[in-house]
Each structure stands twice: as C-alpha cells, then as structure tokens.
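In the two complexes that follow, chain A is the common piece, with chain B as its partner first and chain C second.
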Partner chain A sequence: MRAIAFVKSILDPEAPPGAIRFDAGKALGDVPQVLGPYEGNALELAVQIAEASQGEFRAVALGGPEQEAGLRKALALGAAQAMRVDVPSGFHDPLDTARQLKAAADALGGADVYLFGRQAGDWDQGVTAGLFAGLAGLPLVPLVQAAEVAGAGLKVRREIAGGYEEGEIAVPCVLSASNGPGTLLRLPKVKDVMLANRKPIELRAGAQSGAGFRVSDLKASVTSRAGRRIEGDLKAQAEGLAQELRRAIPGIGGGA
Partner chain B sequence: MMRVGALVRGDDQSALEVLSLARALGGDAAETYLILAAPAAQHAAAGAARAVVLEGIADADPAQLLAAAQALIGAAPPDVLLIPDGPLFEAVGAQLAGSIDRPAARDVGSVAIEDGRLQIVKGAFGGKAEVTLDAGEGAVLGVRQGAHQADELPQAAPQVLEFAQPAPLLSGRRAVRDASGEDLGRAKVIVSGGRGLGSAEAYRSLREVANLLGGALGASRAAVDEGWASPSQQVGITGQKVAPEVYLAIGISGASQHLSGMSGSKVVIAVNRDDKAPIFAAADVGVVADWQALWPELRRALAGG
Partner chain C sequence: MTPHRVVYWNIPGHAWMYLPFAILVIVFGYGVYRRYRVWSIGQRRPLGPLRPRLGRLLRHAGLQSRVVKRRMQGYAHVALAVAFGLLFIGTLVVMLNSDFGLPVMQGAFYLWFESFTLDVAGLAGIIALCVFLWRRYGLKPKGLSRQWPDFFVPFSLLVILITGFMLQSLRIYATHDPWGGYSFVGYALASLWGALHLGIPAALVIHRSLWWFHLLLAFSFLAAIPYSKLFHLFTGPLAIFLSEPTRASGLDSPNLETAERLGANFLSDLTVKDLVDLDACTECGRCQDVCPAFASGKPLSPKQLILDLREHAHTRPSEPLQLAIKDETLFACTTCRACQEACPVDIEHVPKIVAMRRFRAMEEGEIPAGLAEAVQGIEERGHPFRGSQASRTTWMDGLGIHEWEPGTPCDTLLWVGCAGAFDPRAQKAARALANLLLSMGEDVQVLGRRESCTGDPARRAGQEYLYQIQAQQNVELLQQVAPRRIVTMCPHCLQQIKNEYRDFGADFEVVHHSEYLSTALITGRISRAAGGKRVTYHDPCYLGRYNGVIDAPREVLAGAGMDLTEMPRHGTDSFCCGAGGGWAFREEGAPRVNRLRAKEAVDTGAEVVATACPFCLNMMSDGVRAEGGAEVQDIAEILWEQVSSTLVKD
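And now, the complex of A and B:
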C-alpha cells in the first residue's frame, strides 16, 4: 500500500503561558517548532501501514521552512519522500490548504491511504482531513485510534461517544488520527535522525489564491483564577486539602 | 443577502442553540435541515424545514450522516451552514464543506454578517488565543455549544424527504463500550490524573480518591498516551469538555489544551510538585506536593473526618 501522511509542525504546544505572543495576526515567540501531536499519530499509522503491507509512505507539509521539523521526523522514520508545499508561514485558508495538499498528493502519484491529524495545535481548525476527503470524494474515517492492513483494505478502530467502533474499510480512504492504543508515535533511531538531516526535502511552489478566510484579529485570551495555596508540611497540606474537599463536596469523608 | 441554514440532528440543547442562531442571522428565511432518528420524535423546526429520517443511528455513522446531509441541502446549499460543534460536525461538517467547495471552521463562538461578509470568532493555539476571521461569502461552521442562547422557536411540521440510507462507513462494524465506564459529562466531581503520576499504579490510586469523593476519573492526554486511561477519559480541547462542581487535577501541568476542557468547573483544585506549574494559575486551590507522598496522608485525613 502507498500512504501519504500530512505532517504539520507547530510552535511547541506545551510552551509555558506567555511564551507565545500574539501580535498583528501572528503568533510569535522563542519556542521550538515541533511536529503536532496528532500529526504524530498520523505519521505512526503511515509507518505501520507501509511496514505491514510492504509498501511505502510519503510525507507532505504546507507552510514555510518551519515545517521541516515534522518532515525530517517522517524521513527519519522511513518516509520514501518528503515534500513541502511552499507558502508563507502563518494562517492559511483551510479550503485552500486542502486543495493544495490534494494537488501535491496527486503530483506524488496519489495514495491508498491519506493520513491527517485530527487537529493541529496552532489554529485548531480540525477540518483539513474532512475538507480533503470532501474535495477528493473519498470516505473519511474520523478519530482513528488504531489501524491495520486487512487484505486489500484496512481494519480500523475509531473513537465514538463512550467507547470505540471497529470495522473494515476499503482503500482509497482518508483517516484522521487521534491518540489511542495504536497511534503512539515511535522514536526514530539516532542514526536515522542523522541520515534524515542529509536527505532532501522537495519544494513545491504553492499557489496563492488570496481567497477564503483571513485573520482580522488575533489576541491572547485571559483566564485565570485567584489561586490560594495550602502551605505547611505534608500532614498539614493533606488536612487542609481534605477540609477544602469536604467544604466543596457535602457528604464525603464523614469520619469513620 | 446571504442564505443561512442550520443542520441539526435531533433536538438537544446544542441543536436548539444553532437553530436560534440561524434565525437570528437569517430571519424567517433561515433554512432548517433536520436529521431525525426513527421513529421521528418531537422536534423544533424553525422556518422552512426539510428532514430525513435515519434508522438506527445510535452511533452516528459518518457515511450515513453525510449522505443524509447531502440529500437535505441538495444542489443549492445555503451560503452559511451552521452545525453544532460536536459529534455531528466531527462526522460530517468538514467533509460536507469540501464536497460543496466551501471552507469550514469549528469551535466557532460568535458569528456575524457585516457588509455581506461573514465574521467569525473562534479559539486558537489550544485556547491561548482567540482569532477573528473574515470568512468571506460562505462557509460551513461548527458552532461551539453554549455560545448562543436557545430561543423559543416557532413549530412547523418538516417536509420529510425520501431517503435511501447507504451502508455504514465500516463493514463488519462492532461498537465497544469503554471499559472505564466513566461518565464525565454528568459527574459532579472529577478526579483527573496526568503524566506526573509516573505509573499506571499511581494512576490507579486516583480510583480510590474518586470513590472517596463520589466522583469520576478523568485524564490528561499524556496519561492516555501512557496507556493508564482510555481515550474517552481525556479532558480537554480534543477530549471531553466538562464543568463539574469540583475538578481535582493531580500531576497535570495545565497545558492550555487541557485547561480548555475544564475551565468551566466551579472549583478547581490542583496538586503538583512544581510550584511554577501553569495549572496553579487556573486553580482556586493549589497544593505544591509530591502526590506519592501526599496520598497516604490525604487518605488518612479524609477517613479521619
């Protein structure tokens, strides 16, 4: 099977509050660029599907040079090819993104399985996989937690309310990956990371449509609570906490 | 004049909010598309309602919902289509948008039409920011639950369309209920654990806390990734959005993506050994302590009354 994983890199989502500033429609800060965690889940599925079917996978990202983080990771995990659709960094209209990713995938010869993360941690759009499937006229399996090759298709497990659902799907199809038992991204070997740094990343000129969504304002949201600390040694902290819990939850720990 | 439509399934609170928003934006001309579960139940139908009835959609099958949505909106979709953000948008929103060549957005708080252009406000950067987008002349929008009021809606019998229900998305499908059985949505008390617990065994100690407090057990994404908790226990922007009376966060750093899911809680209590952990800025009460050391003392203190 042939798979394509779309691997978006984002400013480290675990950066402490205040490390990312929002100014003139842009997110700025001295924060490392990392592969998005759900895109990491998609990449893991691509590796598994390629391995199990003795096929191959490719990696595609859209954006500026900051997108190298995820593409290099994909190369280190065995991607046959990495391609960056070159557009300016920052916000990009979601429909246009899906269109350009589709054009890039077609230029790579298409695939049996197209893998996206369920949501990237920068603009939190969570719509690219669906838009891509809609444009391509392919079935979309949302929130995939595990997938394995089954005959000519895939057996997938996807999140549903209160649990999960399993079943089979024919290819070609689009999967949006979530975190679950079968999608935790493996670590590449140090040697492969070094080799990946020397591999080329193909550039594909992005089209600038100018249509669609545009950012007209971006500002930090402020939510904070007036936190009070329970001080003292462990015993005093435990008693203070127990008291606080009793106050907040009537009827607990009523003294045995 | 922009054509405004709402696509809803059933008549829960989020459906009523979206129907109300569609009417506020599009007036009497707002179009309503209803997906009903058989047997067709009571529903609020605002404006010119079209409906299809799906048999046995307890698990909200994406392929069946998409086909129903496409049959409902037909060849002339409205410019703006509003859908409650949640399972329905997850299953069909963006794919429907792609199939009619429209952009899409979700987690949309406010929606306005100014000079014939759509203006939307949505969350970004895991809740660290809010972005206002000029969304042009049309889009499919997932409307955040609770962001709009549900108004009294005029009742009208919908026009029920003939609909050939396709096969479900997955063949040989089997639905499995989560073994943890936690009902975070309804719980008054939630005890959530994160990576800081360090082991599956330490995470299990929270079960005892939850039992003592009569609460349910939640988790951060990191605890799910470690395999200590199941995905349906995840609280956050891509997990459950919860608003209990008491939320107790143990060994959770307080990443904005986690906070987005629990900031509506009435009282937030955090235990973390790092006094600079961001969770403390989002908590009413904080305890700087190592959980492993605190737990035996807390158990004693709770039992001692």
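And now, the complex of A and C:
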C-alpha cells in the first residue's frame, strides 16, 4: 500500500503567547518550528500502514524552508521521498493549499491512502483534508485515531463525542488523523535521523492564486481575571471552589 | 636446641601432593582463561595517568577503605584478608624450607611468626568467618543471597582453618613439641587429645589422614576460585585499578558517525572494564542497599544487574544483552551513583546502564513516556520543560540582569539552566541567586535566549546523538562568550560544562553557586547572619557524589546563621531525591523515591530542608509537603532571606 502524509511544521504551540507576534500575514517569534501535533499523528499512521502492508509512504509539505524540519522527521521515520511545495511562509487559503497538495501528490504518482492532520496547529481551519478529498473525488474519514490494513482496504477507528466508532473503507481514500494512543508519533532511530539529514528534499515550485480568505491581523483576546484565594480548611476551600465554578459557568453543578 | 619443626612430619610420600597440585594449576589456569576470554571481547579504552589509579588501588584494595565503611562485616573482611595473607606467606615459608632447602623454619622466626602469628591469624580467620555466617544466616540482611555457594565458600574456609589447627594439635600431642606453647591454639587442642586419652598410634593415623584431607580440600578450594565469587581476590583489585580515578568522570563520548552500533547490545559493545566488573562482583549487596530504585520497589537491583550480565557473559556471550536486561530495569536507574560509591571494588554500574540505554534509545527509538517528551522538547525547543509558559528570560523580569550580546566582554556568566528558567519553583531560587550576585556588585550576565539545555537529560536517557549536538553548540557558544568564570545553580549543568563537555573542547572555570557563595562569605563580600532556623541539608547526587562539593553548601548555611542537623545519609552517602536519570520528567508510582528521602529529612525535626539543585528542590518540596514537613528552600534563597538587609558591597 502506498501512502502520502501531508506534514506541516508550525511555530511551537507550547511557546508562551507573548513570544509570538503577527506581521504581514505571518506569525513570527523567536520560537522554534516543530511538526504540528496532528500532522505527527498523520505521520504515525502513514508509518503504520506502510509497515503493515509492506508498502511505502511519502511526505509532502507546503511552505518555506521552515517546513523542512517536519519533512526530515518523515524521512527519519522511513519516508521513501520528501517533497516541499515551495511557497512563501505564512497563511495560505485552504482551497489553494488543497489544490497544490493534490498536484504534488499527482506528481509523486498518487497513493492509496492520503493522510492529513485533523487541523493545523497554527491557523486551525481544519478543512484542507476535506477539500483535498473533494478535489480528488475520494472518500474521507475524519478524526481517525487508529487504522489497520484489512485486506485491500483499511479498518479505521474514528473519534466521536464521548467515544469512538469503527468501520472499514476501501482505498484509495483520505484520512484526517486525530490524537489517540494509536497515533502517538514514535521516536525515530538515530541512525535513521543521521541518514535522513543526508537525503535530498525534492522541491516543487508552488503557485499561490491569491484567491480566498486572507488574514490581515491577529490578536489574542484577554480573558484572564485576577485570582482569589479561598481561605479555610480543605472542605471549605473545596466548597468555595465549587461555588466559584457554578458562578463562572452557568449550567454546571445542579444541586446544592 | 634451636627451636624448629620437622616439615612434613608423619607424611611419608608427601611428594605425591604435587599430582593434585598440578591438577589444581591446570583447573585454575583454565578458569582464569575462561574469564579472560570474555574480558578480551570488550572495547579497550586508554588508561591515562597511572598515579591516581595506583592511589585508588592502595586505598580501596590495600586499605579496604570502602569495605570498612560497614564496621562489623568490614573489619571481619579485613581480618580474614590479613589472616589468609599471613597464612599464605606461612605456606610459602614452608615451601622455601622444604623445596628450596632454606632453613627458615627455625629459631625465633619459627616461634614468633610460623607458630604464634599464624595461630593468631587462623583464630582471627575463624572468628571472621563465624561473623560472616552469623550475619548471612542469622541476621539475614536483604542484600545478601543465601544460595549454596554463599554457604560453601565460608564453610570450606572454616573447615580448612579448623583442620589446620587439628593437624597442629595432633603433631604437638604426638611429638610432645617443646615449643608447642607458641602455637597456642594447637597447644590447647593437644591437651584435649590428652584428656580424651587418644593413643599415639591413633593420633598418627588421624594426623596423616587429616593432612591429606586438609591438603585436598585446600587445593580444591584454590582450584574453585576462578569459578566462584572468590575470584574477586584478583578481579577486585583489577576492577579498582581500571575504574575512573576521579569522582567527576562522566560517560564516554563515542563518535556516532563511525560507530558500528550505537550503544551497547552485545558484550563486545561494553568495555574491558565493564566485563572485568562482572567478575569482580562479590555479591555483597551494598549497591542494592543504597539504590533508590530498589528501595522504592522498581525493577532494578544494581547487584542483580551485574549478576545477570555475568550470567549472560558466561552462558550466551554472543547473544544480545536485551535478553538479560529488560527495558524497565534499565530505565529505572536514577544515575545517582550511590551504587558505585558503595561498591568496595569500584564496579561502575551507571556507564553500563547508560551504554545499554543508548542502544535502546538510538537504535530502537525506545525511551519511556515522559522522558521521551522531555528529550523531544530539548530537540525542538532547547529545553525539556513541556508546557511551560515562560521564556528563557521570564524569571529575571525586573532584576536588571543583562543578556550577553555578541562582541561584548563577559566577566561572570550565570548559567541559569532550564529548570531555573522554566520551572516556577526553581525560578524563585534563580532570582535569589541573581539578587545575591547583583548585591555583591558582580558584573553578571546571562545567555538568556541563547542559552540552551546542556543535554544532560538526553544523555542520561541514552539519546547521545541529541546530547552531542547540544554539547557542541553550547561549547561553541561559550567559547565565543569566553567568560572569566561560569556560575551555575544546577549541579547537572555543572557536571556537563565542567566535566563532560571536556570531550568537546570545553575548558572553562565553572563553579556551583554553593562554592561561589561560600567563598563570598569567607572573603566577607557577603556578611554573615545569625539567628537562623534549624535546617537539614539534602546533598544533590550530582553535586556531592559526582563533584565532591560537600562542605560549601554547609558553609553557606552556616553563613546564613542556620543551625544544621544532618540526616543519617549525607555527603557522598546521600540518598537520591528521585529526579536523576530523567525521572524528573516521568510519572513515578508509589512508593516514590522523593517520599523516602523527604521522610528522612522530616524526621530530623528541622524547620527548613535545604538543597542546592533545582531538581532536588522540586522533588523534595513535593515529598516534604506530602510528609507534612517543613519548608524546602535552595541555599541561595535561605542566604538571600537572611542577609539581604546587611549585604556588604564591593
């Protein structure tokens, strides 16, 4: 089975908000680029599918040179090929992104399974997988937490509110990966990391149409309030906390 | 008449003893060869200067300085070693007399050495062996096993010594030896034969039979030495000689680009020293007794680790080490080195554990949860504290400390460390230290955004590749900064920059803040305070055991006017807080190591528990809180609290 994982490196989502600023459509800051958490889940599923089917997977990213961190990680985890669609860093319209990723996937010869993260960890729109599936005319399973090769298709577990559901899907198909115990990205072996650093990353010229939504500003809303110390013994503190929560979040609690 | 003794009296045909002796030599030689064959598989490391090694050999093997740390069994061991040393010399004297014709078995030497001294030695040996047997089978300490060889070895020695005395007594009895009183034990026993009315012919027959039994038992015992833990007679001193002679020596820094295999998964990946260590283990259990992992019920006993590796080395030497040592055992270690400090023969457990971790981490990508995320944090953002909302400089907001800028000189560089920068509790300690330095008028700078993790958690986790990248980057940066000295509050950073970075070209003056502050107190740059609280001090492993900094933190506490009460385990014998080896970033089940240590601290009745490591600060704070005990503070916080109003500026 052949898989393509679409990976995206983003500014470290664990960085303090104050360390990131927004300028001319770009999020900037003295913060490292890391592989997006859900793209990590997608990459893990790609590795698992390739291993289970004795197939292979490729990795594609869209953006500037900052995207190479994620692609190197994919290579270290065994990607047969890594490609970067070269466009300027920053926000990209999801439909534009889906079109360019589709063209890149076609250039790589296509795949049986296309894997996305459920949403990017930075712009957070969560629609690229769906748009890609639409462009490719393929079925989409969103929020996948586990996937197993089953015959010529896949047995898939997907996240739903309060639980999960399982089902089967024939390939080719598109999956968007979510976090779960089965999609936690493994650590690459050091020898593979060392080898990955020597492997080439294929560059494909990208073209932005300029159409679609464009981000012009970004601001964090201030929601924090000064805290209040609840005095008394442990029981009094617990009761005080419960009262505060009832006051702050209408509808919770119920009885006295 | 000159006092003397007829050698081989009553033993006609004694020359036949050379037949079993020849067998002994062959069996013994083969046993040694078997061991050597395993050692020769190991990687050879350069020995370096001999003098410190010889000094350590004299202290640890000659004077048995570590053995006697445990009084009862220690002194018994020394007594046994001296006794058998003397008895061996006594046997050589007999050989010189009979085989080389040197008339040494006569005169005062015969009376005072061969008779009196050797009787004292034999008696001391018997008492020592009885102590050993009573301790192992009477007291039944947890660290000692009670398998059949554990009984066989002391019991055989006891039989050899007792039969030796019986032979002596029969000779004295049968010959009416006029100098028999010098052999006072044999003489006393001889009177027993008289009381039992043993006939002389019977005494002669018993003596002759017993002589051959004694000889064959002694030869069998000698032949068994290379096949038993008694081989530590040879491997113990060898392991001591091959051990790293300085306390601060760290781990080796392999060239990962050229290494055939990353880390150790076969005997051939270990060093000769590692393999000698396996055969040097006396199974005394001291390492296990002091191990925080073992004490807290984790699946690691340093003793069993060595015994499992030894079993593996001698039964399936070409098989992977993974068959002998499980991952949960390897990753249970806190790398505190208490085991190494306790080991009488200087077995180095931690380098073996880290070498095997390297294989798991780098060749197989296996690092336990929590620690893996910390290592990934170092790789991605230069520190292991995931989820921290602080930046590298948040802790110093409003303090007036300057970040170093390229091209500017730097006198004192404060290496804050990741904990001081990102951990809320350690940030307070960092601020106290910065306040102290600034109050002294120090031209102190920090690297701020340029500072990155030393890589210590990655190295201890086995991720040597990431560690070496961090080390090289940090050394290059520090060489560019070229500070006159570096002060750090983190013993793990101290260990890296001062000791382990030497493999990457570092040669900086690095001091721990305890050393810096104690010097400032001595020179009067900080005035002493009085009226402090009752305090106990927890020695961080990487400061005390790794770097030998024991007195300086106590001098700081004394300078702060605190009244120090020691915990039972302190100094180089301190007990780990449970944070080392990457455990600061892992979930630990009960009983937790920090609770065990915190209880010791709380039991002193101190009002304040002091420490000098940001990781210990966190672990002890957590543990002491759970034990319902006192406040936990870094020594810098205590000193700052006590002296902030009376600081003497330059």
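The definition used in the following text is that the second predicted complex is superposed on the first by the 225 of 256 C-alpha atoms of A that agree within 3 Å, B and C clash if a C-alpha of one lies under 4 Å from a C-alpha of the other, contacts with A are read in each partner's own complex, and residues count from 1 in each chain.
What we mean here is this: a contact is a pair of C-beta atoms (placed from the backbone, for glycine too) under 8 Å apart; a residue touches a chain by one contact, two chains touch by 3 or more.
Computed from a predicted structure; not experimentally measured.
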item: Partner touching more residues of chain A, whether chain B or chain C; value: B
item: Partner chain(s) touched by A:106 [first = chain B, second = chain C, both, neither]; value: neither
item: First, second, both or neither for A:16, with chain B first and chain C second; value: both
item: Touched partner set for A:142, first chain B, second chain C, both or neither; value: first
item: Partner chain in contact with A:51 - chain B first, chain C second, else both or neither; value: neither
item: Overlapping contact positions on chain A, where the chain C interface meets the chain B interface; value: 14, 16-17
item: Complex interface listing, chain B residues touching chain A; value: 59-60, 62-63, 87, 90-107, 119, 122-136, 139, 168-178, 188-189, 212-214, 221, 224-225, 227, 231-232, 234, 237-238, 245-246, 248, 253, 255-257, 259, 263, 267-271, 278, 280-289, 293-294, 297-298, 300-305
item: In the complex, chain A residues that touch chain B; value: 11, 13-14, 16-17, 20, 22, 27, 37-38, 91, 93-96, 98, 118-119, 121-137, 139-143, 145, 156, 158-169, 178-181, 184, 211-221, 223-230, 234-235, 237-242, 244-245, 248-249, 251-256
item: Chain C-touching residues of chain A, taken from the complex the two chains share; value: 12, 14-19, 30-32, 34, 186-191, 193-194
item: Residues of chain C touching chain A in the complex; value: 256-257, 262, 361-367, 372, 375-376, 380-382, 386-391, 394, 449, 463-465
